[in-house]
């Protein structure tokens, strides 16, 4: 398999720029695909994204401040609205239409703040990932997290579409015995654009954290489902139901259900913004169930960060060297194929636009 | 306007290498235009500048020490005089004339230590900037400062030939209300090689720091004059006189006068040594007036450093992108033209020398 | 003399990878010639060296752990034996022969752990440097040290084959008066592949540290012998015998004898692992004599590290500039010739292998 240290970006796609709730009155500065961007809310509270560079003398707008719903540059006081148009220049009555900065399409929906990093004319809200659980706050109380990881974004897809690593990387958290992790049925299926990996552990004893979180009667039928939605999201559904209730035939019955959302927004070729969220569908009247689930996963994800960052360094050291595949890599290999398809489509699109 | 992140050096010119008083018995190591240099005083107290690299094994001479007016290398003990000639080699009676290091022309004058970074044969003391105020210690008591700024030296010229930024960058120090800063008469004039910017604020109330520093009767006529002397110096004269005394016709009358000297000696393409000095011409019997003026400006210049350094990063990110001009940029635009003229002259000179 | 900031590596040679005693139950990660390597002991206690990169997903094996004498990768649990062969893959009964990582020949001998960095087929134990004193623990009690130096490995050879620097770099430790250091007989001789430098200081007063270490009667005959063994080792024998005992004719008689071993294993072009050891042949029943000798040299070597690192920076700044030779550089010049011969031989060897 080819080395994956520098997987290129898919530009014409929606990416998580921030969690909606994290964008308040202050400007957020964030680099996405090597582009320095500011996120802010205009006078109507509408989210906006502009390049973080004043068109006048190049100062970062993130060093400025909000004035009447516009960003005021901290160097000479030029003001820009959410469309990137300069609305005021100190000492001038008229403002030249040349004074503007690049604006990025953004959509705020289902607790996400999505940004489009490709050609703005192609920004189609119909292509937004649908994640209805965040809106169902009564049925799926959720908690969101964010940190940076110093690795190519594709490392995160590899990591999530692979269950073998749980026994080794997460030995002290969610992992446990290697054989239990490895020797179970894995189902890998193609989806519309991506891949779905499902693992069933039927008639198995609930692991300690499951027993602590939910009142099982005895053994359980347990599954983990991971949907890779290209380019950079993975939607996870983990569930466990008391044995004898036909879980395999019908998963939508009471039990210990939780959903994890993962997305890897590229910062540079060798780093990404990791947005993750947990949502539980049990003990709905106990906020601490939501907190516990988040906390446990947060610790686990920091273990992933650690291994991905050293892996990235090794792959960078010689990007020409290939990698070997093992049996449990099937979903990972399919996911990479799906990603490569999307990269090719995106590059073809960019070329056809350039040719116009 | 073209991006200014990497304005090239003018080599054949005098630059401030240090304040005279800062060069004592110890060697000063300083990088100028990417060249590692040591400054020291020889046995007669005469200032000298040599490359900071022993010709024997390449060790930095700045790691050595002064012995009888020569620099002794800290590795093998070779000694060099102020002309860069090796005068002693341990274990040898004779010293080969090959043993020498590059020396730079230096001139000590008016509290400055000037260095010539171009062809030594062209080092003409007639081209030294004249700043007589430092010698008039009774009439213009002064105080000198120095720090490094991580930006191309031209950012400092931009910054000083522009008054709009005062209201935003120096809002909490000397800035104050944007409209007061912007809506006043600006006069931009060409000088011999450079540009002069004068701003008049007539019949205006003295700002708090002026009132604190000087006993005005009521409103004042106030001016700021900024002379850009290419390649890298700006000479500033700020004054304020009680209204009704004809300040516009005659500025040389009692009032609150002070002069600021600014010079940006390039360290690398993206950093410079900022030499600055304040001199007051009021309350001449009160040394604290001198200290206060210096302190206030020092704080202000650190605000400039902060914005210039983030501006530089943004401009470096894509040096091919141009910048837009606003009305108040006139002096800045003229100053850049003057600088570009000097760069062209210098490059033509270097080519004609190379062709000889 | 040419600049030596980037002397290339001699690949087909044995290098000190570690002191034998430093490799215990834990994996040691060490970069040698830009290659990331792990050192460990297999189930039989036999030392092994593998590349520090799992062939599966590129994770560093040094982040894993020892399991039954094999290294278990910390990401997905693949296990590798001392030959680099994968012996276990979680979730698989059979292991593909493609699953392997590069192994380096290693030999453990005379307290050294040697590694061969060239073609494994050429790894000839007959070419190992012989240093019998480490095995003679009764007669030559020794102590070993290690640190990294940020300079090309050849800087260390220069440093050791030159005695002039003692007076300047080690002024406060073993150096002392420059004239005493310089004005003594130096004998430079070619050896089989290298160079030997001997300095005699006959009928001279013992320096303070010698007097402290040994009970001399009065003046002494003192020598220092430095054998450069290419590519990167220097074997030093320093001794002092009471005057009148014919030291020059017969050095193998009682006195204050000590031996120093120095080796510079390249880490990168601009850094090396410095392995050094001291061994004394006096006050054999006093362990503190061994400790004192080690401590004094350790402090001295840190002074060398300091000067070599700044020297390297200056040489890197412009590798095209040459260096000048002084009289006391004779041994250094001969040593460089010997090194260059070995580099040429090695490169010819590599080319002939590539052509096969």
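Labels A, B and C are assigned to the chains in the order they are written; within every chain, residues are numbered from 1.
Going forward, a residue touches a chain if its C-beta (ideal position, glycine included) is under 8 Å from a C-beta of that chain, and two chains touch if they have at least 3 such contacts.
Predicted model, so just to flag it, every value in this text is computed and none were measured.
Looking at the partners of chain B and chain C together, the chains they share are A.
Under half of the residue numbers found at the chain A and chain B interface occur in both copies, marking it as a different-residue contact. Taking each chain's centre as the average of its CA atoms, chain A and chain B sit 49 Å apart.
The set of chain C residues touching two or more other chains is empty. Those residues of chain C whose C-beta lies close enough to touch chain A in the complex are 36, 52-53, 55-60, 63, 72-78, 89-92, 96, 98-99.
Those residues of chain C that touch chain B in the shared complex are 3, 5, 158, 162, 164-165, 167-169, 178-179, 181-183, 307, 310-311, 313-315, 317, 323-328.
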